[in-house]
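Which chain is which? They are A, B, C, D, E, F and G, in the order written, and residues in each are numbered from 1.
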Amino acid sequence: MGNRPLDTLNDVLDMPVLVRLKGSREFRGTLQGYDIHMNLTLTDAEELVDGEAVRSIGTVIVRGDNVVYVSP
Amino acid sequence: MGNRPLDTLNDVLDMPVLVRLKGSREFRGTLQGYDIHMNLTLTDAEELVDGEAVRSIGTVIVRGDNVVYVSP
Amino acid sequence: MGNRPLDTLNDVLDMPVLVRLKGSREFRGTLQGYDIHMNLTLTDAEELVDGEAVRSIGTVIVRGDNVVYVSP
Amino acid sequence: MGNRPLDTLNDVLDMPVLVRLKGSREFRGTLQGYDIHMNLTLTDAEELVDGEAVRSIGTVIVRGDNVVYVSP
Amino acid sequence: MGNRPLDTLNDVLDMPVLVRLKGSREFRGTLQGYDIHMNLTLTDAEELVDGEAVRSIGTVIVRGDNVVYVSP
Amino acid sequence: MGNRPLDTLNDVLDMPVLVRLKGSREFRGTLQGYDIHMNLTLTDAEELVDGEAVRSIGTVIVRGDNVVYVSP
Amino acid sequence: MGNRPLDTLNDVLDMPVLVRLKGSREFRGTLQGYDIHMNLTLTDAEELVDGEAVRSIGTVIVRGDNVVYVSP
């Protein structure tokens, strides 16, 4: 199965990631944790619209089923 | 897996949280409890539209599959 | 996990609740029962549109996946 | 858990029920059977639009994930 | 649980059925088989739009999650 | 359960099939493999719009939850 | 079951793939890994709109439920 996707997430713990959600919401933040559902905890997160930061949200727990992709 | 998302929820029990739901609904309230589906119990909750409180709802049990994110 | 959401439901058995469904449907009624899927049985239920009762429906079994939130 | 929703369905076997589906479809018929997914078998069923019968459909097996609510 | 829905399907094997899918697609055909997901095999199937046959499709395997209802 | 749907798929391995997906996408190709989720591998596949081939795509692995039906 | 879809993915590890997502998003990149949910890790990925590259995204972890198809 190569480098399994959750292993790749593990490799980027404590690093900045971009998280694209269903709809047009994106978050940028530091990946603090994840689980097998791809629920994610980000810290120092900001919400982006069209690639621009629209607000700071601090810590955020994203429910995995909203995630389209995560990019380190 | 770092700080798993449900552990982060556990850390903010009895603290105020913002809960974003699918669609445009948001709740602000005190996190009284949660489970593995991310079902949530909030107390002293108010519903927000465009970031403004539109009504007080007291205690509310949110079904987890509606949750986009929780932010302490 | 604090007061788990299903325990909160258990605490309000036989009490009046407001149930918000996906879409714009709401029910108000007495919570007679529930299960782990958040399927709900309400009695003396009425359906609301924009917060106003539009019809009496007596007993109603709601499939859990339609539930957004339950508020006692 | 009070009167669990599936027990309530069991209590109304062989009795007339109204079944509301996602979208705007409704069926009225006699509840012949159900299972844990809330798949339903109705007999002497008719399909309703805006509360009026638009066609007779006899026996119908409804897949549970389409069900919003069942009302005896 | 009365006559469980899948038992009702079993009773109509090799008989003509109408299958309503999500969206506006319908099939009419002979029910050759099914499984617990309500995946269905129809033979001599034709696709209907607004109740009229628009094309013959022969054998078709329908994935269960598309099914709204099956009517013998 | 008659000829179960997955058995029917097994019977048409290495044969041409039409695969209808949710939305308006269709593929025509040779069925190389499948699994219990109805994930499918097609070879010599072409994508169709309104029944006409719009591009050749060679081998394609379709995730099962997109499948509406498969027709040999 | 022929060449099962996940085996086909395994055969194209470290090779370029096109990944079509629900909505109109596509990625082209090198398949580094996958799992049973069809979560995917791509490297050297670029996002396409209408078949044209619109941005480079490097490494990307795609949540499987967004995948329509993967084509080597």
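Just so it is clear, a residue touches a chain if its C-beta (ideal position, glycine included) is under 8 Å from a C-beta of that chain, and two chains touch if they have at least 3 such contacts.
What you see is a predicted model; the values in this text were computed from it and never measured.
Engineer: Need the CA-centroid distance for the pair chain A / chain B, whole Å please.
Structural biologist: Computed value for the inter-centroid distance: 18 Å.
Engineer: What's the distance between the Cα centroids of chain C and chain E, rounded to whole Å?
Structural biologist: Once rounded, the distance between the two centres reads 33 Å.
Engineer: Which positions in chain A are in touch with at least two other chains?
Structural biologist: Chain A, residues with two or more chain partners: 65.
Engineer: If each chain is a node and each touching pair an edge, is that a line, ring, star, complete or other?
Structural biologist: Chain contacts: single closed ring, each chain with exactly two partners.
Engineer: Please trace the ring of touching chains beginning with chain C, moving first to chain D, and write out the chain order.
Structural biologist: Beginning with chain C, then chain D, the ring reads C, D, E, F, G, A, B.
Engineer: Sort out for me which residues of chain F touch chain G in the complex.
Structural biologist: Going through chain F, the ones touching chain G are 10, 13-14, 21, 25, 31-35, 39-41, 57-63, 65-66.
Engineer: Any idea which chain G residues touch chain F in the complex?
Structural biologist: Residue list for chain G touching chain F: 1-9, 22, 38, 64-65, 67-72.
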